[in-house]
Structure formats: structure tokens, C-alpha cells
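In C-alpha cells below, several structures.
Each of the next two complexes has chain A plus one more chain, namely chain B in the first and chain C in the second.
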Partner chain A sequence: MYAQIVKSEGAKSRDEMSPEEIAFQERIDRGEKIEPKEWMPEGYRKTLVRQIGQHAHSEIVGQLPEGNWITRAPTLERKAILLAKVQDEAGHGLYLYSAAETLGVSRDELLERLHSGNMKYSSIFNYPTLNWADMGAVGWLVDGAAIMNQVPLQRTSYGPYSRAMIRICKEESFHQRQGYDIMMKMCAGTPEQKAMAQDALNRFWYPSLMMFGPSDKDSVHSAQSMAWKIKINTNDELRQKFVDQTVPQAQYLGLTIPDENLAWNEEKGGWDFSEPDWSEFFEVIAGNGPCNAERLGARVKAWDDGAWFREGLMAHAEKAEAARRAAVVAAE
Partner chain B sequence: MSSEWPLWEIFIRGQHGLNHRHVGSLHAPDAEMAIRNARDVYTRRNEGVSIWVVRSNDITASSPSEKGPLFEPSNSKVYRHPTFFDIPEEIGHM
Partner chain C sequence: MGAAVETVDRTAFVDWLQRIGDSALILGHRVSEWCGHSPALEEDIALANQALDLIGQCQLWLGLAAEVEGKGRTADQMAYLRDVAAFRNALLVERPNGDFGQTLMRQFLFDAWHIELLRALRSSLDPRVAEIAAKAEKEVAYHLERSAELVIRLGDGTAESHERMERALALLFPYTGELFMDDDVDRAVAAAGIGPLPSSLKPAWEQTVRAVLAEATLTWPGEVYQHKGGKKGVHSEYLGYILAEMQFLQRAYPGATW
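On to the complex of A and B.
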């Protein structure tokens, strides 16, 4: 879901595969992990770079809507918690960039592709966080949706990606719980505070459903990614799971899911719900969401403003290394 | 285009008495900064008591395509495993 639209080649039938590709597919079918320098089809490598890169970018850009509230947190404890959470997101981005780099793409190249708009990040981060209740809704819904997607990806076929996901999942549950904790507090507060919580749910519900990406029932891209085990569940399966998990949590808070078609379906053992507005989703992906320009602008500015610092530290390191070598030579 | 900070491989000793274990990699200008960054990236929840950092370029790895021949010598020596030998029941634990 942090990688919503990842283009990949169509699934190949066995007859179309080369002997190497057949052996590769058999390794994946046996549940073996693929490691960085081993042979892999070019399509596998490219799709993974896109997917892991998109995921990494989402973690990094995802710091912005929450970072906005660090200085405005209602208590020192909430501030410390939010700070720790946003720091985790930076860490998650770094694990994932490192995983992508094992596929032969450089960190700077990935960032350049983000900054130029060639690579995407999750649509969810192009929505504004207007008040403190949004910190609750983001942790509860956005991180909740992220966990839905990331838990199965721990079993993905590419070793470094799988290991990054395992680390991330260990930390992610803190994120969702701190969000739900904020929602509980607000829902137990004044009527105005509860109204803020409801408003945040209203605004984040459909964008959260969009995080899983459009229905992929007929998508050839998905078929290939699933054969390669770089996608484990369909977008629709994960979205359904998310709704089934979240509805009782909203009921506990005494909040209403903003969907008049929401109804328990005994037959499927899950909730029926309305699809989000997919035209809005494609608009946001295309760069026309409420905060696209602001988010990307903040990333580019941070990169440009940090150039002197990166170069300065590198120059210092080179100078220190030269001095160390000179001292070694002199001692000999 | 500025020069990219070099890549470092990070090894963490999780507890006293255990080996350092590879946990991932990161970019840093020098070894000192690599350790500081590793602390923030890989030990935010008390995961370590010691950190090693090694320039990725300084690591020599065996080639995946030579996996077969490289490890063949041990494959064919099943007698290196204690389970190769049948010890009578009445001897007990050995």
C-alpha cells in the first residue's frame, strides 16, 4: 500500500521462460529467499526497485504531516512520543533505501527520481493534518493500513526486503497504538474533542482505503508480482481485512464510519463498504492532491539546503583520512 | 551532482556473550559518523551493547554462482555429523 501502483511486466507462462527463469521461479516456489548478487530476471529487479523505492519514499515523506505537529503537541509526553514515532519513520525509510540499493541503484539516484517526480510515494501523505486529532487518526488508520500490507511482506521472496519488513513490523505496532490512544483520549474528552476525533475519522477514512491501491482483480502486473512473491495479497483482500479490523475499533470509540452503505455481511463474514472515489485517487497520484506541491517542495528544499552539510562532512572525512595516512607514513 | 557518502555495513552485538551480527547498512562520511548513525538507525530500542562498522567496499564475498563447488567438500562428508554413527541404545547418551 505504501507502494500503490507498481508497474511490472505481465506474468510469463512457463513456455515463455528461459531455463534460468524457470529455475528462478522454482526457487521462489520452494520458499527460498533471493539474495542481492544472485541471478534474477531483469523484470524482478526493476519491479522491486520501484516497489521498495516507493515504499522508502513514503516513509520519508510520511514524516512531514506528523512533523508538523511535534511543536504543537498538547503535552510534553505526547511530544516525546510523536518525536519517537517520526524518528522511526526516518529509520524505516533508511532500512528500505538500503534494501533497494542492494539491487544496484544508488541512494542519490533514488532521491533524484523522487525529487523529479519520476517515482511516487503513497497518496495518503498528500492530505493535510489540520489539528491534533489528525495525529490520532493517522496513527490509528494510516499506520493500521500500513501494517495490513507490511505483515505479509515479511514473507516476500527478496531477502533484504523481507528483513527490512521484519524490522519495520516490530516497530509499527507502537505507531498504531499511540494513534488509537490519542483517539481514545479525545473520545473520552469534551463533546468538542470527540467532534474533532469524528471529523478526523471523516477526513482520513477514504484516503486510508485508497492506500491499498485500486482493485487489482484483473491486473496482469499483480499476477506477475504475486508469482514472484513480491506481492502476497491482492489490494482488495487487504482493504477488506482493514475494514473488518477497523469497524469494531471505531465502534469502541463511539465514532461513526462515514459510509452509509457500511453493513455486516453474514455470508462473507465481513463488512460491505463503499469504494473510495477513485478519480480523486488518480488526481492525487498525478500530483493534484491538496498537499503534493508542499510535500515534494519540502523534500527538495531539505535536500538542497543540506548539500553544504553533506559536502562539508565528506570533505572533513577525506582530510582526516589523508592526515591519518600521512601520520602512518611518517611513523614508518 | 555531489559525491555520495560511502556505504557501511553495520554489525551489532545484541547482548553480552553473543556474536556481532549483520543488521543492515547505512551511508556516512566516516567511521565515527557511521557508528553514531548506526546507533540511531539500528538501536532505538536497546537492541545492542556494541557496534561494528565496516566499509561495504572492504567486504569480499563468495560468489553466489560458485556456491555449489565452494561448499561441495562438506556436502560429501556426512560422517562429520554425529548422527552418522549408530550407537547402541544401552550405551546411553554420548
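On to the complex of A and C.
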């Protein structure tokens, strides 16, 4: 899940709802899917645009930290797998922009908001990928955290979003497995490789925990989104689930999770762990992460440098259309 | 293993397989540099797909080269542990990406040659060569369809896109001649019935390129000076940087498995 802080309006009580809003909420409560042409509250539409847009942007910005290692992948097979994975991410971006378009906002408009800094993407992609084990850690931890959030979203109330998530989840679980496979190779390899793996875990652990967003007690936008089934679980629930899943995987690899407070809590049947440094999270969101300037800069450059290309294609399409019309007229 | 392989000089055959495999590898590398940086999301997807095809083809060609060589090397060792002078790719594919127009023009000029080569190789007397060619041909037919279409649309698009495509053509055309020059390696492989003489592919290539350029309102450059050397291992300065990047992990951590 790549939408960490999605603004939405506060949840309304039933007394505050209009008859249309009540009928809408009842449909959601019955588990019905909302489809594009159907009536929906403006707040529902806006929140979805923000969330799906943020998710789509995260997919395309997310190409960059992994793209960083394609030309340096250590074997031809690893190179091919990484290429396929980055290609999947671009594909996920495409499904999600299409889902957002059903809500009346074009891909170009969303990109404009990303480029101008008015829309965000996940904080995780503002961290650098410094060694090859980072390709493992990104698949294992980052895609692992994403899956944790996206699996429940397959049941989200908005039909096109739900269907996009179903397709995306299938591919993400493959991504996570390939990431873990890299980690296994690195941990069974030379001492230098094992050290790379530990270093990657050290750097990606807390940023991965941040992917679920701030703690529920500080998350002002959750209640309405949960009522609308745009959000299914709370941030803290998912973070706990992620830690519980990941700790034994790290143990199996022989790696140490960089948290002195990590301890099994028999009573809750889960691991106790340290919170990430939320001040760091807010700095990254505000644009001060290690790679914010490079990531957004790369996307803006790609868009600006490609303007002539897109304009050339449009001009050709218009010429072809004019020629087709002229031929029709001539034939008549 | 057929009679063809028994009669052909093994060194020449390995060299020839490396020419095809290395061109796929280096072009795949160049194309993959665009990942996440292209002008449209659809292009990011298409380019990653194309790079993936080329890397896959390189694995097959270099795998066969290693097998024919018979010294126990693997495709990975060929890709990652040879230095510049041992690479046999055409100079065209190591040209820098430039703007997106140059990347597309390089691709088109290469695809138009690549498809003719693969079509000819389907009837290779070496069944392993014929098999790889049959698989690759399906992929490359799509590469060519796409690159030709984009060259046409951009050549006949705006004044700026037209001008950029003319410039790309002028920059890259002088690197196409090498693809059709016959040497002893080519002659040995052709005599054994394994592959065509490069010069025999020229008429079909020229027909495709002329037709596409005409539709794109671009000018066929005609007789211009042609660079050569890649097939013999004499490269441009660019290849050293490509290999330094590509081979970094294998060189820095010898013997590690990944």
C-alpha cells in the first residue's frame, strides 16, 4: 500500500447524512461495489482520487530505486527478473491511473499534481538503493508491506479500484518471493554478501514500518475511509501483522532486525517492537528525504524531455484523422 | 549436433554467435537505461519489455556460444567476464541513448536488420540456431512493428519531432554499414550453412528502411561514410563504460553466486 496519509472528510453520523448518503452508506454496508457512473458523495470521490492517485504515483516513482540496479544486476537472469518486476510496476501505475480516470480525473492532471508537489507518493521511495541486497530488501520488505495493505483492499467498495488491486496483488506476491530469494542467496553467500544483506535490512526496516502511515491515534483521516471501505484495516493493525510475518523470515535468514526492543509478547500473540522515528517520516513526506529531489526531479525531467515526443504523436494522429475524413468526403 | 557444426571452424562459429548475442545484450542494456525515465508510461512498459526480450535472446545466443566453445563457460561468464576487445557487438548498439528519437531510430535501424537475420536463420543447418531464431523472430517482429510505427509518427509529426528524427537518422545511419559487411567469420559460417552472408540481408533491409523513411517524410541518407570495428572487437569508448557498470558486481566479488 502506497497511500500513507490520505486526507478525507471526518466521518458523519447518520443524523448528519442526507437521504442519498444514507442509501449510499447502506449499499457499502451490504458489501455492494460502487461503480463509476453511480451516485457517490463528493467526499468519497475526492478521497478515492487522492488515494488511488497516490498509489499510482508510488508505482511509477517506485520504478526508480529498482531501475537504479538494472544495468548493474549481477547475472543475466537477475537482470531479466528485475526488468520484469519494474515493468510490472509501470503496469500497476497504468491500471491505477485508469481506475482514477473513472472518477473523472485524467492521468495528465494527476501527473501535473505530482510534478508540482501537490500530490505525494510513498515515503519509502525516497530512500536510496545502495547495494545489490537492497533489491532483495525492497522485494521482501517493501513489497511485503505493500501486500499487507493491498490484500484487504481487494475488497474495497469502489469496483474499479478493487479489480485493479486483485490484479496487482497477484504480481506483488511474485515480487515479494523474488526479493526473499535474493536475500536467501545473499545470506548463504560470502561474508561480504551477508553483510550487504544485513546492511539492507538495517536501512529498510524502519522506512518499511513507516509505509503503513502514522499510528491510528494520530491518524485523523481513518474513520470516514473505514466507513466507506476505502480503508479496511487500521495502520497499527497492519504494521503489527507485518512485523509478525517478517520477524521469523529474518530469523530464517540469520539476520538481525535492528530493534533492541523486539520481543515476543505471549499475551498478545505478537511481537513488541519500536516505533519508527515519526519525525523522520514527516520530514521525508515534506520533501527532505535522502532522495526526494532526485526522484521527483527524474520524473519531471522524463515528462518535460518527452513533451516533443507526445506532441509529435498527437500531431501525427490529427493529420491521420484529417486525411481519413478527407478520404471519406472524396468518396462521397 | 548436425553436420554443419562438424565442418565449421569452431572459433569462427563461437565468434559469430557472440556477435549476435553481444548485440542483443548491449542493446538490451541501453534500452534498460530508460526504465522509469521515458516520455510516457506506455513507453516505460514497452521498453522494459523489449530489453527483457533482448536479454533473454542474449542468454540463448551466449549459452550456445559457450556450449560450442566447449570450455565449460556459461552465458553469464561470457557476458560478465569478457573485456571490451572480446565483445563482438555492432557499434550501432553501443551508441548512447541520446534523446528518445535517437533511441527509437537506433532501434528501428537495428530491428529492420535483426528481423532479416532471424528469418534467414530459421533455415540454418544447425537446429539449435534455427530454434533460437524462431523464438526470437516472434519478439523482433513486434519490435520492428513498434519502432517503425513510431519513426513514421514522429517523422511526420510536428516540425520539432521531424527535425529530431532527421538528426537521429544522420547520427546513426553511419553505423549501419557494419551490419552488412562480410568477413572470414561470416564466410565460414555461411559456407557451413549455419547463417547467411551479412551482405545478403542488405536489399531487404534497405527496402524496409526506405519505405518507412518515405512514409515518415524523412530522407534516405544514401551513400555516407560507414564506421566499422565492433564485429572484430574494436569498439567506441562507450562500451568500456557499459561493461564497467554491467560487470561491476562480478568483478568486485569474484566467485560469489547471486
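The criterion applied here is as follows: the second predicted complex is superposed on the first by the 327 of 332 C-alpha atoms of A that agree within 3 Å, B and C clash if a C-alpha of one lies under 4 Å from a C-alpha of the other, contacts with A are read in each partner's own complex, and residues count from 1 in each chain.
Note that contacts are C-beta pairs under 8 Å (C-beta built on N, C-alpha and C of every residue); 3 or more make two chains touch, one makes a residue touch a chain.
Please read these numbers as outputs of a predicted model, since none were measured by experiment.
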Partner chain in contact with A:277 - chain B first, chain C second, else both or neither: neither
I'd like to know which partner A:190 touches here: chain B for first, chain C for second, both or neither. second
For A:311, using the defined touch cut-off, is the partner it touches chain B, chain C, both, or neither? Pick first, second, both or neither. both
Which partner does A:35 reach: the first (chain B), the second (chain C), both, or neither? first
Mind telling me which of the two, chain B or chain C, contacts the most residues of chain A? C
Touching A:20 in the superposition: chain B (first), chain C (second), both, neither? neither
Just checking: does A:91 make contact with chain B only, chain C only, both, or neither of them? Give me first, second, both or neither. both
Chain B versus chain C as contact partner of A:298, first or second or both or neither: second
Taking the stated contact definition, name every residue in chain A that is touched by chain B in one complex and by chain C in the other, in rising order. 84, 87, 91, 94, 107, 307, 310-311, 313-314, 316-317
Listed in rising order, the residues of chain C that touch chain A in the complex are 25, 29, 32-33, 35-45, 48-49, 51-52, 55-56, 58-59, 62, 75-76, 79-80, 99-101, 150, 152-154, 156-158, 160-162, 164, 245-246, 248-250, 253, 255-258
Going by the contact rule set out above, which residues of chain B touch chain A in the complex? 1-5, 7, 24-27, 29-30, 33, 40-41, 44-45, 61, 63-65
So in the complex, which bits of chain A are touching chain C? 60, 63-64, 67, 70-80, 83-84, 86-87, 90-91, 93-94, 97, 107, 132, 182, 185-186, 189-190, 192-193, 298, 301-303, 305-317, 319
Chain B touches which residues of chain A in the complex? 35, 37-39, 84, 87-88, 91, 94-95, 98, 101, 106-108, 163-164, 167, 171, 307, 310-311, 313-314, 316-317, 320-321
